[in-house]
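Next up: the structures, one after another.
You will see chain A twice below: alongside chain B first, and alongside chain C after that.
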Partner chain A sequence: MNNDVVAMHISNGIIDAPVSGIFAAIAASAIAVCVLRARADLDDRLAPMAGLVAAFIFAVQMLNFPVLPGVSGHLLGGALAAILVGPWVGALCVTVVLVVQALVFADGGLTALGLNVTNMAVIGTAAGYLLVVALLRARVPLVGAAFVASVVSVVVASQGFVLQYALGGGGGLSIGAVASLMAGPHLLIGIGEGLITAVTVSAVAKARPDLVYALRTRRQRQQQEELVSA
Partner chain B sequence: MGAGHAHWLHRDHDSPVHRLAPEVKITAAVLCTVAVVLTPREAFGAFAAYLVLIGAVAGLARVGPGWLIRRSAIELPFVLFAVVLPFTGHGPRTQVLGVALSVEGLYAGWNILVKGTLGVLVSLLLAATTTPRELIVGLDRLRCPQILVQIATFMLRYLQVLVDEARRMRVARLARGYDPRFLWQVRAFAAGIGALFLRAFERGERVYLAMLSRGYTGRLPEGRAPKASKTQWTAGLSVVAATAVIAVVS
Partner chain C sequence: MKTRVFLLVGLLVALGLAGVVSNFASAHPDGLDSVVRDGCTYDAADNKTGGTCVADRAADTQTADSPFADYGIRGIDNPYLSTGLSGVIGVLVTAGIGGGLFWLVRRRKPADSPV
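Now for the complex of A and B:
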């Protein structure tokens, strides 16, 4: 396995203290909402499912895929988590992964945790889930919806950093430069992520459709429509 | 861009820092990092003092400087970012070795470099002296929401299972004449991942049902790590106090 361990999460000192504090508060309140909503979702089976999705995201992050020569990327997992366990538990899964990475692997600064959670767990998961639901409603097959939602969620999450840099980053890089610097590699990472998400989700949907949250809501909706029309 | 998290950072030996309760260490690490980040970037003396303090804790924890330096390479992408800033920054310029560099950019780069490095060193010390399991216990005692603790507990339990399963599948592919190279591996990699998830989930479901039938209520029994005593809190917070004093004096 690869020996060079390099961080991709925001470290301490990149964004100034007041903005880091504001985003810590934003992340904390978003997580509080997720905890409340997740209680409704977390039935017997969802508990180990959530742990496994988190472990899976964590484990898949150990495997890198090449993006550009010399640059490799790994999964963020927001869209995958949202499709499999729903947006609330999904955001909590990604949060857990980020917290454990900061504490156990020193990846991502402790004071930047709010920034990282906001980008990857909140923005990434929300964007991925909203898009998947919209695409499924437009009768796009699950594989395609999962792929597109992952690509977009990764790029949108990376733009969260651009907002944070505009508010509290030093060094006077222009916002346009930071935005393209973040969007380029993350588009490529997003394509890798999209492939992994699409394949994983379609494998799970084929063997155990009852485990896919995004399908479950659609199925429930169909059942309701049948009830109404009957 | 990320490489993997293939290595656990925990250094398995005994020291006063290892014995400190996890909740104390997490609190101290977070507060110290906050103090470092709040320090004005011109306070060069304060950053030197932090480094001495971290060195003292590392000595007490018997974590060697070589290990800390090697592991802090995790920070490299941000170092590159910091190095670029003096060249791209705006405002008045200064001559360094005949090159005109932006003063603002130099300060911004220094700010990222020094706070990032000190932060990574603090996190590395925390990770080196605390097992992942203890970290979760610490978060639980710090009143982290139960759902998060539960997800984290399951995650750590299944992580090794997943990694081993993935390794077995990879060995099986290699044994069947598979030749992993650049883009060619994407297909097998992707197909393997779907199978990996299902295998792991079905195993996890069985284990969870077995746990339920043995009386699992959502909390694991407390491990060996005893709760923090007053003395332990005092020890941990004295390091925080020292950091705070440096931050205020600067």
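Now for the complex of A and C:
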């Protein structure tokens, strides 16, 4: 058995330097906004929880599961992070994972970091959070909302790469081919991610429902914001 | 469950997944990697044997000579130990850096906090 964990993120050179630079700027701006907004959520209880969520996402990203013959997939973690610690802190959790992977494990190019952060931390978390909020509002139970939001979040995040490829990629594949080659497997990966997210979120909700950000009531959040602005 | 216990259990689960279960992960290219390799062929040792594909454009990352590159530890030949320990290190580093940064930027609790 070959138990090498394979590289999982965009490498240097796949997308040209100017477009990588643009996405580095986009990612940096988004992260700056997240840091500013995250402060309202980050209290003595959420901060260690966020550290744990980042560590958990790192761990589960190592667990590639088969989706098609010769093709695997792994959790991206945006929806999971958004549900557990909110969209702003959640995006930062995934970013921390991607930075550690790029710096320590040489997974995902350093020049390509902005591309990876944009897709997985920013787009993936935003899509997951927006959908989970909408589904919870429509009285979908948390487990179902977590599953559906994860599936969609992964497919949407994967299309971020298609945009980047269209702007600064090359190497023979048409944009349409990249779009469909990304969407198909990532739908299956999303189902895997949905199952992992649903199981994880249910376990946390059973043990400590107060630690699930998405389950906090709107009033609790308003109180918190008033507290911050006061 | 007390918060401290919850966090400890969560960390242990993460360490178990990254340290042990990671050895049973699929070694096939992931969704992105398989798109990037579309058009090329590879042998069992994962060396390219022919064709042209998007991956031809890929360059080594600046940290490629990291002792933990590709989720292993240079110098440890046992693949289970190498993958598992690198996973454990990754979880601890991520928890440390993430938790530390979040703790630094957290909102300080006012005296009459209702939460």
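By our rule, the second predicted complex is superposed on the first by the 212 of 230 C-alpha atoms of A that agree within 3 Å, B and C clash if a C-alpha of one lies under 4 Å from a C-alpha of the other, contacts with A are read in each partner's own complex, and residues count from 1 in each chain.
To be clear about the criterion, a residue touches a chain if its C-beta (ideal position, glycine included) is under 8 Å from a C-beta of that chain, and two chains touch if they have at least 3 such contacts.
Computed from a prediction, not measured in an experiment: that's the story for all the values here.
> Under the superposition described at the top, does placing chain B and chain C together on chain A give a clash or a fit?
Clash.
> In the overlay, answer first, second, both or neither for which of chain B and chain C A:Phe161 touches.
second
> Figure out whether A:Ala40 sits in contact with chain B (first) or chain C (second), or with both, or with neither.
second
> In the overlaid three-chain picture, which partner chain does A:Val117 touch, first (chain B) or second (chain C), both, or neither?
Neither partner.
> Which holds for A:Met182: it touches chain B only (first), chain C only (second), both, or neither?
second
> For A:Ser20, is the partner it touches chain B (first), chain C (second), both, or none of the two (neither)?
After superposition on chain A, A:Ser20 lies in contact with chain B alone.
> According to the stated criteria, A:Ile196 is in contact with first (chain B), second (chain C), both, or neither; which is it?
After superposing on A, A:Ile196 lies in contact with chain B but is clear of chain C.
> Does chain B (first) or chain C (second) touch A:Ala54, or do both, or does neither?
both
> Classify the contacts of A:Phe105 with the two partner chains as first (chain B alone), second (chain C alone), both, or neither.
both
> Let me check the overlay on chain A: which residues of chain A are in contact with chain B and also with chain C?
Overlap of chain B and chain C footprints on chain A: residues 1-8, 11-14, 35, 38-39, 42, 44-45, 47-52, 54-56, 58-60, 62-67, 71-74, 89, 92-93, 96-97, 99-107, 109-111, 170-173, 177, 185, 189, 207-208, 211.
> Under the definition above, what is the set of chain A residues touching chain B in their complex?
So the residues of chain A touching chain B come out as 1-8, 11-14, 17, 20, 31-32, 35, 38-39, 42, 44-45, 47-52, 54-56, 58-67, 71-74, 89, 92-93, 95-97, 99-107, 109-111, 170-173, 177, 185, 189, 195-196, 199-200, 202-204, 207-208, 211.
> Across the complex, what residues on chain B touch chain A?
Against chain A, the touching part of chain B is residues 1-10, 26, 29-30, 33-34, 36-38, 71-78, 81, 85, 88-91, 102, 104-105, 107-109, 111-116, 118-120, 122-124, 126-127, 130, 132, 135, 139, 145, 147-148, 150-159, 161-163, 166, 182-183, 186, 189-191, 193-198, 200-201, 204-205, 207-208, 212, 218.
> Please give the residue numbers of chain C that touch chain A in the complex, ascending.
Residues 1, 3, 6-7, 10-11, 13-15, 17-18, 21-36, 38-39, 52-66, 68-72, 79-80, 83, 86-87, 89-103, 105-107, 109-110, 113-115 of chain C touch chain A in their complex.
> Across the complex, what residues on chain A touch chain C?
Residues of chain A touching chain C: 1-14, 35, 38-60, 62-67, 70-74, 89, 92-93, 96-97, 99-112, 158, 161, 165, 169-173, 177-178, 181-182, 185-186, 189, 207-208, 211, 220, 223-224, 227-228.
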